[in-house]
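Below: the structure, in structure tokens.
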Amino acid sequence: AQTVGFSQIGSESGWRAAETTLTRQQAEERGYQLQFSDAQQRQENQIAAIRSFVAQGVDAILLAPVVATGWDSVLEEAAEAEIPVVLLDRRVDSDESLYLTAVGSDLVHEGEVAGQWLVDQVAGEECRIVELQGTTGSSPAIDRKTGFETAIAGHDNLEIVRSQTADFTRARGKEVMESFLQAEGGGADICALYAHNDDMAVGAIQAIKEAGLAPGSDILVVSIDAVPDIFQAIAAGEANATVELTPNMAGPAFDALEAFWAEGTMPEKFIQTESRLYTQADDPQGEYDRRKDLGY
Amino acid sequence: MTVLSRIAPQLIVLAALIALVSVFYPGFLSIDIQNGRPVGPVIDILKRSAPVALLAVGMTLVIATRGIDLSVGTIMAICGAAAAWALTQGLGAGAAIALALTAGLAAGLWNGVLVAVVGIQPFVATLILMTMGRGVAQLITEGRILTFTDPGFGWVGSGVALGLPVPVWIWLATAIAVAVIMRRTALGLLVEAVGINRRAAHLAGVNATVLLIAVYIASGFCAALAGIVVTADIRGADANNAGLWLELDAILAVVIGGNSLLGGRFSVAASVLGALIIQTISAGILLAGFASEYNLIIKAGLVLIILVLQSPRIASEWRLWRDSHRAERGRT
Amino acid sequence: MLLSIRSLTKVFPGTRALDDVDLDIAAGEVHALLGENGAGKSTLIKCLTGAYLRDGGTITLEGAPIDPRSTLQAQELGIGTVYQEVNLLPNLTVAQNLMFGREPRRFGLIDMRGMRSQARATLAQYGLSIDVDRDLGSYSVAIQQIVAIARAVEISGKVLILDEPTASLDAAEVAMVFDVVRGLRDRGMAIVFVSHFLDQVFDLADRVTILRNGRRVASQPIVGLSRMALVEQMLGRALEEVVASPAPEAEQAPAMLHFDGIGRAGVVAPFDLTVAAGEVVGLAGLLGSGRTETAEMLFGIRPAQTGTARDADGPLDLRHPRAAIAAGFGFAPEDRKTDGIVADLSIRENIILGLQARRGWARPIPRAEQNRLADDYIRQLDIRTSGREKPIGELSGGNQQKAVLARWLAMNPRFLILDEPTRGIDVGAHAEILRLIRTLTDKGLSLLLISSELDELVAVADRVIVLRDRAHVAQLTGAAVGADAIMHAIAGTGDAA
Amino acid sequence: MNTRLLPLYATIAIFVLAYALAYSQFPAMLSTRVIGNLLTDNAYLGIVAVGMTLVILSGGIDLSVGSVIAFSGVFIAVALRDTGLHPLAVFAALLLLTTVFGAGMGFLIDRLAMPAFIVTLAGMFLARGAAYLLSVQAVPITHPFYKLLQDAYWLMPGRGRLTLIGVLMLAVVALGAVVAHRTRFGTSVYALGGGAQTARLMGVPQGRTTVLVYAFSGLMAGLSGIVFSVYTGSGYSLATVGTELTAIAAVVIGGTLLTGGSGTMIGTLVGVLTMGLIQTYIVFDGSLSSWWTKIVIGLLLLGFILLQKGLLRLSQRGR
């Protein structure tokens, strides 16, 4: 059987746990032996892990990079040892020749989808938006912000009035949202919330409810990831839309690897997964049921 | 009277901060009544202080024994996970809380035994649980955010009782209970003796081992309460993020409360005020609407200023200056 | 004058520790600084050497005003000091402690071998041949003290200050230290010497200055001064000395405690001991002979591995201090700084600490009761303080010792172990404490008294046990208890039974 | 001599034992590749741990180092991107900056008698905050000189690489050992750790020593930042979160007492390698889930410390 090393960022969110679970499942189904390494959010651990994979002589390496920069020399080492590397869900700024392919979604595009939805939804009406950012400095936070801003640029009726980091977490999402509500006339002046991930949105929804407002109608809620809990909120009418980031990055990655092993086929350098928009019209309860056992 | 003079510096700092934040956000002190519950930035601060204030209460005791507990943030995560697990298993809110508290006590016992019996330095002993505990918490939640809907348990985090959010009552009650127990019994004295000179206290017949274990258990218990509050607040246990880096805020609160990291004399009230000060800074940053990149620098700057002003050296310089001033006035 | 001090003043909150003190020290003299506990001797020395910043006054050295603001500066001026508590670093080696700041260097780096040999050579002058590469902390207080003295001697070019340097040395070491000091005097150095041992003062000093309550009372040559006059000037009153009165040939009281074959491998060889109610058993021996170890074993600090302890009611559990305390034992340790005081707590809290620990945390001693106890002992032991709430760490050394003693007396034990209880205590208080011991033993308290001062042993002990090389080698009883007899037994020359 | 070095011997013995156990399970552990990796991957940690050792020996602690490493990376990357300076000039400026930063913290600790824990905690917030201000995004370093540094290695037999930064780390440890054990400054550091008040009475220049200790730690953190930027070829403000705790753990495993005054530099090196060994072992095993990874790391740490304590006790009883 083939041995595949997988260097995962960590287990900081439900989404990432699901990605790990699905990768394990995929490997098992295809009869690979998966060498799993959790880097606990640290690039240095990921680099060390890849080096160890090389020393062990694995047949391929999956890498979910914690940050885009700084992979050149370790990827070169892997290339020298002729081990194909596939990037999962985030991309790197190294030369394309250093990896086989990258599987992931376009983070900027996700933000655009969310922004576009809001533009369509308010249809020209005035809308003051508050934004919950991800961890300061992380690439999803930066890209999703950029994408969203691109989408609403040129629509003068839409304006981001407050934007703060809530570290991608539920608890901070709730706390920061509370202060937004406070600062914006008890929430009366806010028309929509854009959160860089669903977890922060779920926390914020609770804050909105506790402030005596109705999330989903008084304040529109749009976020990204499509984790099970947001579908429950959408089903309950408390959230309006989410953009999917599929945790099944390993499937396409393994497909590409198989083709490469078998015939040496070089896949495309970027295999983009779909960034699908889900709204209240898309059977949220059904989506929830389909996802709830995927390890989110 | 003596208590008041002990916590006077913290009260002054708090007042100054409130004034500062009010400059950036004029409505800071306003309180409205909505749906029969008071809302306003001050109420929010009182409520949001709960985790750090609770941790600071336990941390004060640990630091009084010349120890430190880095694992409290992790213990919060474990206890939150345990409670959420109990709720998803269909147990009631009471059972969930009991389970969480038990987990906190057990974690504290683990720390206490490592420190007091095995003799590992507190920083290292609790560092071990700090790394390990998050794994334990995630083992319980299997890496996902365990959500629940139990309204009774949720009330603990976001309910209102007698006009104030429930978490406020929880930290107030804990702080008062601990302070009273420490001062109305001989525990406070014995804890301080162990913190200042463990060997001398041991030779005088103080059961230092048991006391040390007890303070870590108390810290674990406080952390469990904090874990319950945050879990109930978001109605979900987030094993990876609950209480992350909160131990540092708790230690900061204890020090801003004027307690020495070298052990000995302590004041629970001052530590809790320290927690309020930290939360006021955080809330002030949010309300003032600075960009996220500035959060850390502003916090660091304010904390440094506060600590410099409170430094014993500055205090003695100030006293010297005042005395000489008085003497001069007396002469004229 | 080599060193002159004018109008030195130092104020602590609530205490005027030094009040307008003048002091002149000539080259080539040993100047004794005397006074009761808390008179201000140590404070004067610390102000002089920059450890404290003085509040007023001037200091001149060889005619030039000096203002040392740290001990380092004082050292650079040629003033070497041994402070009252042994102030060396237990975590450094003996050689490092001794040579600190003067290490021989090669190519800018410390020359380890040179440092070692220099250290050995220095210590040899004091008759000490120990492994200089071991941590200082692994040696006894006495050895640490000699190292401290040797260090101060080496770094002092002009002035050497010794604050109670001999408190835990025995006669032979003291003689050796004095030889070195006399040699320095003859080479024209000025030496300041603080001690509560008047014999040593008469032996060594040329002039004395007496402090009382932070003021200078007198400064005079020692020749022609009587012991009585000196004491009167110190105390401001006459002293009734406790005369050595060998206990009345004991009307053999029944034994209260039996220790059978009690011992610990590598620490103390097994021995038997019985103690009767009201009896004072003295423990004599050279440095490192195992006296402290014996005490620590009996009190369960390093519990015995062999043998049993029992009283009339059956066996006693002495596996740790709490158990020993429960059995009615008490132990006032030798090293008050690390084992005795809880520095930041008040005198009151230090005194009631043991009592409170025995009662348990849930039954606090009422505040009024605490105050009464503290005030009682402050009065009885004459602890000099501005109040019972003063942190004990701010007391003078001798007064700290008294407070630790008070802690144990307050617990009312039946068997009290005192390890060098009068170390650093002034003559007045010394007499008070010996008298107190008498009254207590009359009421049935048994004592195990460890002391390097043979006179003290002779004065109060009913029986003296002599240790050598961690084994009990002799026992003197009744009339046989005498300084000479003990000395012989210690040296192994006499034919004591 | 013997008794002082016991903790070091215990540390080495445990490391060798652990390596042997790992080797018996995964023979590849003894390849030059793994050994080379062990040095390279832990170079930045080893360097920062040298500074941390000195700080801990003096009885203090420096929580700011992780943030300072991150700041250094961002500083270098931004400077190289926005100015035409040569990397060596940037390095010099950076080292000066971090040294002064450390000295400033030391100054506060000494002059204001504030606990090191808190001052350096504020320093930790400050350094990371400053990194954010320079650049929130990760900045790649493309200067050709960096390529040179990264490719500077000696290929050992068995294709293992002995890299420049790995060798630099060993050199820094040697330098640290000389500073700690063979200079007056080093002795002063030990003296301070043994008891500040006593040290002062003995004539230790407390203020100067404290400032120098933290300045040295700042210098080492800056150097470690340079090494880290060579290692990753970029600067990122979120890098090396929590590295201060890893460094402290390494120092402690190396037999240095957190209370100060006792420990060795060589011990720290062994401690760093032990941490690296744990990481490598877990990757080689490859079967642990994210949460079991954390638990196992904690348990292994505990195991090491317990073994060390046990060995020390045994050997002390033996005498």
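So that you can tell them apart, the chains are marked A, B, C and D in the order they are listed, and the count of residues begins at 1 in each.
The definition used in the following text is that a residue touches a chain if its C-beta (ideal position, glycine included) is under 8 Å from a C-beta of that chain, and two chains touch if they have at least 3 such contacts.
Since the model is a prediction, treat every value here as computed from it, not as a measurement.
S.K.: Return the chains shared as contacts by subunit A and subunit D, ordered by label.
M.R.: Looking at subunit D and subunit A together, the chains touching each of them are B.
S.K.: Starting from the Cα centroid of subunit C, hunt down the chain whose centroid lies farthest away.
M.R.: A
S.K.: Take the average of all CA coordinates in subunit B, do the same for subunit C, and state the distance between these two points in whole angstrom.
M.R.: Distance between chain centres: 44 Å.
S.K.: Could you put a whole-Å number on the gap between the CA centroids of subunit A and subunit B?
M.R.: Here subunit A and subunit B have centroids separated by 33 Å.
S.K.: Where the centres are mean C-alpha positions, what is the separation of subunit A from subunit C, in Å?
M.R.: Distance between chain centres, rounded to whole Å: 71 Å.
S.K.: Scan subunit D for residues touching two or more other chains and write them down.
M.R.: 132, 136, 289-291, 293-294
S.K.: On subunit C, where are the residues touching two or more other chains?
M.R.: Residue numbers touching two or more other chains: none in subunit C.
S.K.: What are the residue numbers in subunit B that touch two or more other chains?
M.R.: Correct list: 138, 142-143, 293, 295.
S.K.: Give the pairs of chains that touch; include all such pairs.
M.R.: Every touching chain pair, ordered by label, is A-B, A-D, B-C, B-D, C-D.
S.K.: Along subunit D, where are the residues that touch subunit A in the complex?
M.R.: Checking each residue of subunit D against subunit A gives 26, 28, 31, 33-34, 37, 40-41, 44, 132, 136-140, 150-151, 228, 231-242, 276, 279-280, 282-284, 286-291, 293-294.
S.K.: Hey, which residues of subunit D end up touching subunit B in the complex?
M.R.: 108, 111-115, 117-119, 121-123, 125-126, 128-130, 132-133, 136, 245, 248-249, 252, 257-259, 289-299, 301-302, 305-306, 309
S.K.: For subunit C, which residues are in contact with subunit B within the complex?
M.R.: For subunit C paired with subunit B, touching residues are 299, 301, 321-322, 325, 331, 333, 338-345, 349, 353-354, 356-365, 407.
S.K.: Would you pull the subunit A residues touching subunit D in the complex into a rising list?
M.R.: For this pair, the touching residues of subunit A are 5, 8, 10-11, 17, 20, 34-38, 40-45, 47-49, 51-57, 67-73, 93, 135-139, 142.
S.K.: Tell me, which parts of subunit B touch subunit C in their complex?
M.R.: Contact set of subunit B toward subunit C: 184-187, 189-190, 192-193, 196-197, 199-207, 264-265.
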